Amino acid sequence: MRVFVALVLQRPVSGSGTLKSKESAVNIGSSIEPVVFAVFAVLTLVAGFLVVANPISRNPVTSAMFLVLTILSVAGLFVLLGAFFLAAVQVLVYAGAVIVLFLFVVMVWGGDGVERGKLRKFAMVVGGASLAVFLTLLGGALTGAGQDTKVGLTEGGARSLGELLINRHLLAFELMALMLLAAVIGSVFLGRKDNK
Amino acid sequence: MDPLTIIIAAPLAAAGLVAVIPGNYRFLIRVIALLATLLSAAVAIWVFAEFEPGASGLQFETRSVWVKSLGIGYHVGLDGVNVGLVLMGALVAFAAACVSREIAERVKEYYVLLLLMAGGILGAFLSWDMFGFYFFHELALVPTFLMIGIWGRGDDRVYATYQITLYLSFGALLVLVGLIAVYVQCGANTFDMVELHRHVAQTPIPAAAQRWMFPLLMFGFGVLVSLWPFHSWAPTGYAAAPTGVAMLHAGVIKKFGLLGLIRVALPLLPEGAREWIPVMGVLAVGNLLYGGWVAMRQSDLNRLLGYSSVAHMGFAFLGLASLTVLGVTGAVVVMIAHGFLAGLNFALSGYLRRVAGTTQMDRMGGLLDKVPFIGALLVMAMLAGCGVPGFANFVGELLVLFGAWEANKTWVVVAAWAGLVVGAVYTLRAVRTILHGPLRTELATVADPAGAWHRSAYALLVVALLLFGVVPGLLIARIEPDAKAVSGTIATGIEMKAAGEVGSIVRGAVAAAGVGVRQ
Amino acid sequence: MTVGLNHYLAVSGLLFCIGLAGVLFRRNLLVVYMCIEMMLAAASLALVAFSRFRGDLDGQVLALLVISVAAAEVAVGLALIVAVCRRGLKPTADELAGMKL
Amino acid sequence: MPAIEQLVWGILLLPLISAAGITLFGLRRPRLAGVLSVGAAAGVAVLSLLVFTGTPFGEWWECSAEWLSVGELNVPVALRFDPLSLTMGLIVAWVSFVIHVYSLGYMRGDRGFGRYFAGLSLFLFSMLLIVLAGNLLVLFIGWELVGVSSYLLIGFWYQRPAAADASKKAFLLNRLGDFGFLVGLLLVWSKTGTVDISELECKLALDPGLLGSLATAAGLLIFCGVLGKSAQFPLHVWLPDAMEGPTPVSALIHAATMVAAGVYLLCRVFFLLALPGSAALELIAWVGAFTALLAAVIATQQDDIKRILAYSTLSQLGYMVMAVGASSVSQPPVAAMYHLSTHACFKALLFLGAGSVICAVHHEQNIWRMGALGKKMPVTFVTFLIAALALAGVPPLSGFFSKESILASVLESNVAARHALFAVAVAVAALTGFYMTRLVAVTFFGPERTQIAGQARESGMILTIPLLILAVPSAFAGFWGIDSAYASQFKGAAVEHAGVFGRIAAAFTHSPVATLWGLGAAIVGIVTGLAVYWNAATDRLPEKLGLVAGWARNRFYFDELYAALNEATHEFLSRLADGVDRWVISGIMVRGVHGSIELAGRLLRLTQTGNIQIHAVLLGAGIAILLLIVLRH
């Protein structure tokens, strides 16, 4: 991971044609930025934690609600990073579609009381250990000097993203469309009544 | 089309043809298989007759490039070593197709695989391209496993299939690694053996590399030929295999490993050969003596034949290990003679199994009364197996013994003991238990195959054995020049080395003996 | 104090670990799915942050693709859960043990 | 001699063609088989006579055809015609012709008639190959092939377990001997670079030290082959068992020709055995003497008519081998070959006579169930008596001369303890007289001990005529100068010829001590035999001799000893190898690899609980470990 980070940060970023490499047009004042970032970051992590381990309720609906909160905070962070279009998409797709889908399933099929039985010790130990490893590595990777200056504003508007998508990433774009189609057909097939 | 391609293509094309015929046209399928193998055999006889002994270079050569960047191509040709092997392989394949009458179920699939085996191994014998050499052999080897698994017999069938598959795949894998190593170390950017030989004559492969490459090839090819102590797949596999498969594998496919030693390992890696030849000699003697001893104790005819085939391979290894013209010539003669003999043996035991319902020798007895034809052939086959003059085996074994005498007298004495005495013990015991003595009542209905046509396959193999036994010159005139070339490559090296350093030979021999002891 | 790349990455990493913990320790399949979504969001966050600090938009495109994948995945996954429930099974990780050898 | 050179190939090819023809077409057609085989034998007899007369006395010539030639090993089918091979060939050809004719009658109506004659023809071919071979490897091929044909013919009645076992035993013991022979050949070849007899003789004559210290070893290794083929101690046990074969086979193969091939071989390579510094001859002499004595003692206590003759054959072969051993360069082994030739005639006659008797008494072979056959079967009796007296060494029959020449050569030999050797030889001569008298007295005289003996009738012409033919040389061969023919082999044409009476006189004048001792021994043997067995109803000897007779009756327990020895060595090793194969290679190694892989699989399978989360946990752990490893660098 350290390697990866270093690789990304040290690579010179010159000459990527469509991008403006100047200081931003949309400039959030540098004094407010840390505050906003802190709010969203804390919100993200706390809500995320409550999705996983809510001390009060084990109901999946509660989890879903906190997931919405997490997603919204991440969208806020996107805005901070200048990715406006993505933030919008994030809110629309997740908060709008995905969570609704979750809620439908929970409502129709009942997500209640399925958390019986104890987790195995083996899973606890091994899983906990690997998590600890991840966190340690993460910490190790991030304590070093990072790059704090924004190289240039990348305007994540719909237009620039769209141009990029249908020019440079056309193949990925088309494949994505194909995948979505396959997902649609697949879920329809799986959801059929006589599917035994 | 050139004759060698016909030899390879006839069975393969027939396999394709049979594959598209509906499975219930059994007669048609049989006729196609017989005609294809007969065509191969006829062309093989013709090229054998037309082959000009002692002429330099390959004869009936055909080559075309396939993958230019890697130097892979289709390159077939005849030299003195493979001309006899191809003749033997084609005849045994024909005989195997003849005796496959016994197969009753999944006839179509059986013949497709049998024809693939036949075409594959003939291709391997004829190929002068290492890639084709290996590829064709795999083409023949894989059907063997399937056929033992599907049409095999006996309770041990599944275990036998596993064992033979694992062993031979392992051996083939070692060979593959070795061949690739040869390709890489040689640096000639070609898989063509003729060019490799030429290249190595100019710039030999570094001696250090040869020292680890040779054992790879020796043990890899050795496993394929049931070199002791990697032999135990042979008796189990042959006891379980259907008749045609046992004939083809024991008789023909097994010889691929020896051909590989002659073609690749010895000429391309002379330095490695010198280091490792003592080990091969010791193991060859192990094959002979140990195979013979174990064969003495078998109560199942097929297992006995399996072990005797292990023992016979000892002569071939010993001949190669001698590195003399006599020994190498003898080894090739042994390969060819044993091909006919193993084909005959397994054909006969398959017949006995069909009519008597068993291959347990103590459950047969006095059968000579009922099956004079098969019995007489079995006696002949057994006598040929213990090296009686008049059969081709005798010539080969004699040459090997004479050739190896200079190399190591102890080996030869032990080998002669194993061949003359131990061999006679188990073969005569088999004849005594199966054919002699009073007839067992439950075998009263057993009879010979009716009609000349049904006897022809067996007779063909005996005639071949006798022909090459009485007129060995037919084979030897063809083999000798190339055997001389093989042994010459290494002999010149020995002289050069003798001028240089004697110490390392001694060290090598000591190291090799150490390895031999550990084996 | 300025907010640097590392801060975003820290948030992203922590969110990822929280999601992972959920995947590993929760047994309601629905919640597991939510946690997977969370992990994907964390990944998108990292991508966007890199994009910002590198100064090109490729990261954002990738994040966009990730979001579509997440959507498709949720559709298929939820359909699967529905199918599981139709068979009279509870949608928990413990009940789906068909991968046992 | 172009004419003869073409003829000689016929000698080999005729029987071969006959054998092949019968195998292909004659197995179900007795008439064809008989005509082919007897025709071939007759052709060989005529041809051999032509070649014999066509070759000037005392000269030799060769002809050869390309056969096998690789590198330094060149093996043409070389035929060598010298006095030794010509005389031997003549005897083989004619004795086998007579026995072929006899077989026509003896084997009539047998189901395997065709098979029998195929075997006989094959034997004739291989035997002639041995006799005429000018190359030791070709000789070895013939050597192996006579073993095969002997195997096939001893086991002719394969349905009988005894015959089947006997054939196996004969072949195996022969193989033991052949092993030594082959190693000897390899030794000679590697030291001299040739296996051609003439070339070898030349090379050794030029440089007697060519074999160096290995001269004795080479000689003894070749002698191993003789041990097997001529059934010398310690490989003598197969010959008595071989009597399970048809009687004409016993006569031809196991009395007259094949077993004598060993002696022939010794004479053939005599130059090799007699090399200066080689101690082979001395050992050969003692082996022969021991075999002769041992077999003669056993013969006195056998009851089966064919077994008595078999042991007598053993004893006589031992005699010949002893004679070879007692020879030296200055005194070549003429006596051995002489005795071989006369023995071939009278022993074949004895066996054929025994066959005639056996036919007459419905295949009864125990002499104590016969008796008083002399009057009923006059022709058989008279010819048998002639042969028996010849064997006992009664003058002026052929056996007398050959035996006296052996005794004389032993007495004059260079062997260190030649007087002891001579004593053994004399004892054997006495024993020979004794057991032959016993055989004749019990079989042809005395009371009719069983009913079948009373009903016996003389055999037909086809059996008696061969007896009469063979009786002629048995009686008179001593006057024909066979010994001078052999002598010319070793001394060139300068051999003195003597008339009929000159020969009788020569026997006494040349070496009177030996002759008188031999004659005395024969008389003692015969008189004792008559005293014990004249009109005897049962064998009285066991009461008088007790233990010795019991041991002799049981053949000194050699069979049991060998069975135990074989069990303790070869069978043990074979069992050991089988155990190793079954338990170590197949068991621990193959099944062990198989088993440990399967065990590992079963262990790993425990982790595959099927619980998704466990899989996820493991996946996470795997990634963590990978990351740790990667990031450590």
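Order of writing sets the chain letters: A, B, C and D. Residues in each chain are counted from 1.
Here, a residue touches a chain if its C-beta (ideal position, glycine included) is under 8 Å from a C-beta of that chain, and two chains touch if they have at least 3 such contacts.
Bear in mind the structure is a predicted one, so any value in this text is a computation, not a measurement.
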If you average the Cα atoms of each chain, whose average lands nearest the overall Cα average?
B
Chain of greatest Cα-centre distance to chain C
D
Approximately how many whole Å separate the CA-defined centres of chain B and chain D?
37
Quick check: how many Å separate the C-alpha centres of chain A and chain C?
7
Using mean CA coordinates as chain centres, what's the chain B-chain C distance in Å?
61
CA centre of chain A versus CA centre of chain D: separation in Å?
100
Interface hub residues of chain C, defined as touching at least two other chains
20, 24-25, 27, 94
In chain B, which residues are in touch with two or more of the other chains?
none
Which chain D residues touch at least two other chains?
613, 617, 620
Identify every two-chain combination in which the chains touch.
A-C, A-D, B-D, C-D
Across the complex, what residues on chain A touch chain C?
5, 8-9, 11, 13, 16, 18-19, 21, 30, 33-34, 37, 41, 44-45, 48-49, 51-53, 60, 63-64, 67, 70-71, 74, 77-78, 80-83, 85-86, 89-90, 93-94, 97-98, 101-102, 105-106, 108-109, 111, 114-117, 119, 123-124, 127, 131, 134-135, 138, 141-142, 146-154, 156, 160-161, 164-165, 168-169, 172, 176, 179-180, 182-184, 186-191, 193, 195
Give the list of chain C residues in touch with chain A in this complex.
1-11, 13-22, 24-28, 30-31, 33-35, 37-38, 41-42, 44-45, 48-58, 60-61, 63-65, 67-76, 78-83, 85-86, 90-92, 94
Residues of chain B that touch chain D when the two form their complex
162-163, 166, 229, 231-232, 236, 290, 293-294, 296-297, 324-326, 329-330, 366, 368-369, 372, 376, 379, 383, 386, 388-390, 394-395, 398-399, 401-403, 405-406, 412-413, 416-417, 420-422, 424-425, 428-429, 431-432, 435-439, 472-473, 476, 480, 483-484
Give the list of chain D residues in touch with chain C in this complex.
605, 608-613, 615-617, 620
Per the touch rule above, chain D residues touching chain A in the complex are 613-614, 617-618, 620-621, 623-624, 627-628, 630-631
